[in-house]
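Chain naming follows the written order as A, B and C, and within any one chain the residues start at number 1.
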Amino acid sequence: MMAAKTNPGRFFEDYAVGDVLKHAVPRTVSGGERALYHALYPARHALYSSDAFAQDCGLPKSPIDDLAAFHVIFGKTVPDVSLNAVANLGYAEGRWLLPVYEGDTLRSESEVIGLKQNSNGKTGVVYVRTRGLNQRDEVVMDYVRWVMVRKSNLDAPAPETVVPELKKALTPADLVIPEGLDFSNYDFTLAGEPHRWGDYAVGETIDHVDGVTIEEAEHMLATRLWQNTAKVHFDLTFRPEGRLIYGGHVISMARALSFNGLANAQMIVGLNGGAHANPCFAGQTVKAWSEVLDKAETAAPGVGAIRLRLVATKGGAPFELKGEDGKYKPEVLLDLDYWALMPM
Amino acid sequence: MMAAKTNPGRFFEDYAVGDVLKHAVPRTVSGGERALYHALYPARHALYSSDAFAQDCGLPKSPIDDLAAFHVIFGKTVPDVSLNAVANLGYAEGRWLLPVYEGDTLRSESEVIGLKQNSNGKTGVVYVRTRGLNQRDEVVMDYVRWVMVRKSNLDAPAPETVVPELKKALTPADLVIPEGLDFSNYDFTLAGEPHRWGDYAVGETIDHVDGVTIEEAEHMLATRLWQNTAKVHFDLTFRPEGRLIYGGHVISMARALSFNGLANAQMIVGLNGGAHANPCFAGQTVKAWSEVLDKAETAAPGVGAIRLRLVATKGGAPFELKGEDGKYKPEVLLDLDYWALMPM
Amino acid sequence: MMAAKTNPGRFFEDYAVGDVLKHAVPRTVSGGERALYHALYPARHALYSSDAFAQDCGLPKSPIDDLAAFHVIFGKTVPDVSLNAVANLGYAEGRWLLPVYEGDTLRSESEVIGLKQNSNGKTGVVYVRTRGLNQRDEVVMDYVRWVMVRKSNLDAPAPETVVPELKKALTPADLVIPEGLDFSNYDFTLAGEPHRWGDYAVGETIDHVDGVTIEEAEHMLATRLWQNTAKVHFDLTFRPEGRLIYGGHVISMARALSFNGLANAQMIVGLNGGAHANPCFAGQTVKAWSEVLDKAETAAPGVGAIRLRLVATKGGAPFELKGEDGKYKPEVLLDLDYWALMPM
């Protein structure tokens, strides 16, 4: 009887293309989440730090950090999508559609858009498109994620293979600029750096220099804050070899470190792709470097878009991503591809 | 002169039945406390996470977590009640009378309702009934707690023994349901589990499966947040063998872990009793199991009451509480008996 | 090209007397910062904990802790003032001019008021007067700080030496009392101690008894919360011998510990001076003692001013500051000289 009450998570055979999973535990965000975000990461982008700065950029006030919104939305999917996941394989087509403000309540739902059983018959890949919604049922962000999930019943028949066509990268036309955003009167001094959109060249690389050596308490505080319940992050009796750090913690750490050199890449609006190249553990020192992949103008006044590769490492030299074998170097933690908005 | 300025705490001979101790340092709570509660514990009960969910249940918005309110009220009593305590012996007759919302200011006062000097002449048991009040002088919760306190002056005469009659458990009629609470339109999907009041049987046990390995920084952050000043929790020169973790940290951790199986035991409204069976230290992994002790209907629409035993452990198998000697097993940290409200 | 994007910090030859540095990243504070402050430090001063208490003292509501406001303002100066600093030499003439409330947005600017190249030709002392401003461009605090900064170009000519005349201590007439502050109806019970201004004598010393053993995660959370980016606090690959704890963390810890004996020294309004006598590292246990240096009446009803020396230690006996050689004892971490407001 008791086994019926706790959540065993879903296995590969429990998904069908077209299923819509309504994820549990909506969350109202406040200044508390913002303060914690600033305590957990060296986050300094001015638009997410200051109401006055955000208002000077045409927003009603400072939103919750774009990645904090992502984590809140993502965390809710864990019990339904990745509790029995073997690996988090990728992200695509992530778009931030509306800023999230204090007092907003977020919930998430995911549609199964693809399934592919692996040839070993023991696992399969599940593709979901997740939407984060606010209390007015407006979609504040959506993204595609695919994970490898174990089968529980190895005798369950393989589903018809459906692999969704996903864009390698969002086009500039796919990006949604927050209503009212205007960088015409952008204050570069307050933002922290003088470099504008025109100062960055495609192919340019930036070593963000700073590093943070990660402590166990910090990544657990972060991961819980997003109500991510995967036990690999918390329970040393489950993983005596060390708690696995939530990949999103590395994303936020690297993004915050990228302030030094990209202080004006203010708002993330698109997530083209991302790979958690190697696991991260406490005691490792996370550093970051970026590469400018693309640039585009937008219709919003003074607002340019910049596509960036953000790489987090736990050692090694910057700008080294893959070995001769085409595989990520062992010191690479994260390879993220995103679009941000920057003053022109 | 200097000794006169710091607080030495009260000793057993400093208490008299009927004394009312007005505890210091009122506290205004905000979204900051709520965010920290979610960062410190894997708390996911939807009513305390989402304004929208709380409003759908008839409340004006999401309250501060019931146990967070308890900790704020409890913390204030430490300098007056337990600074010189040898042991925290028990709780009884705890009732949550009003939800606490952002912007509320809490203070505490305790009435001494019992005294019993121990036969060794060196210590005695002090019983207090503590009330937490808000800025409108409304009582938001009350509970009885008894502690063993040292005597400073061993020659002080023993007081007349007064042992209050305390209920073994609150009856359903003792429970106060928050005004307006209505679970008629309860959204089980958003809450995270389908199990309603009728799905739980008296005697049923639930292994909550998940665990958290505790870090020093986390329990200190929590304990300070509740302005609990007992130095055993903080000062390794005072306790070189290890900081003793505040018992309330274990309560909140176990309650949050119990979401997995009891996601719909939304609001704690009664504390029947509780024992901190063994001390808890950083590095230990806290897990939890529950047993259904009783059930009752209430007058509120769709709202049932469920009485639960919540046990926190640092190892061992679930559902093992005491040895053949009738004593708690060494791996049991907490044995808590409470009433919660659940959709019918 | 990439080197141009990250901030190398300023070197001694980059400063000129009269320069005004407008520091980056304004910050809106909320209840989140307050809750974190209470989680990071055992802060209990009632005026900063309770809206109701603050209102009874004539303020509109409870401000953000005075030292939290200081840290927010200070943190912004780090990238421009102390990224290449060898040592933080001193503070003077610090005044809290306006309380900071939830929703206020703080920014900082610093004027270079002194320069003195050292005889070794490799370093020099930079004196700045820093102002913290709110969203209405009101100055909420100002203070003078001087740091020893490296030269990058050793051939750069020495600037004309300008050493500002700084007051050894603010006079009572220099102190700014928050508008409306009134301690006539001060509630000593709620505040936590009965000792009023008249109960303290110049020369009196107070051992604050309590201690906190510092954890890595905690000081990093604090330092990041103030957006202080100095890598010595975070990166163990940069400082394998141990992360250096931000001096402000020690200030806040000592001030919070001083509640026990100085619970009524409610508001800090003046910073006369301060020395970080020795570096602090995780694992050390911070304790504190105070000495009453001066007392003064003020024009505000029921409000007295008290000048205090606050000393933080990592061991040793209280009340021992310097050795026979006139140097700080090795166990002294901090020697701070400040003015606070206290009920008469």
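To be clear about the criterion, contacts are C-beta pairs under 8 Å (C-beta built on N, C-alpha and C of every residue); 3 or more make two chains touch, one makes a residue touch a chain.
Here the structure is a predicted model, which is why all the values come from computation and not from measurement.
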{"item": "Touch-based graph of the chains, sorted into line, ring, star, complete or other", "value": "complete"}
{"item": "Fraction-based call for chain C against chain A, same above half, different below", "value": "different"}
{"item": "Between chain A and its twin chain B, rotation from the CA superposition, multiple of 5 degrees", "value": "120"}
{"item": "Inter-chain centre distance, chain A versus chain C - centres from mean C-alpha coordinates, in Å", "value": "36"}
{"item": "In chain A, residues with contacts to at least two other chains", "value": "30-33, 35-36, 102, 215-218, 221"}
{"item": "Residue ranges of chain B touching chain C (in the complex, touch as defined)", "value": "1-2, 4-7, 22, 24-33, 35-36, 79, 102-103, 105, 107, 135, 215-218, 220-222, 224-225, 227, 229, 231, 234-238, 243"}
{"item": "Chain B residues touching chain A - in the complex, by the definition given at the top", "value": "30-36, 38-42, 44, 46, 49-53, 61-62, 102, 189-193, 195, 201, 204-213, 215-218, 221, 260-263, 285, 315"}
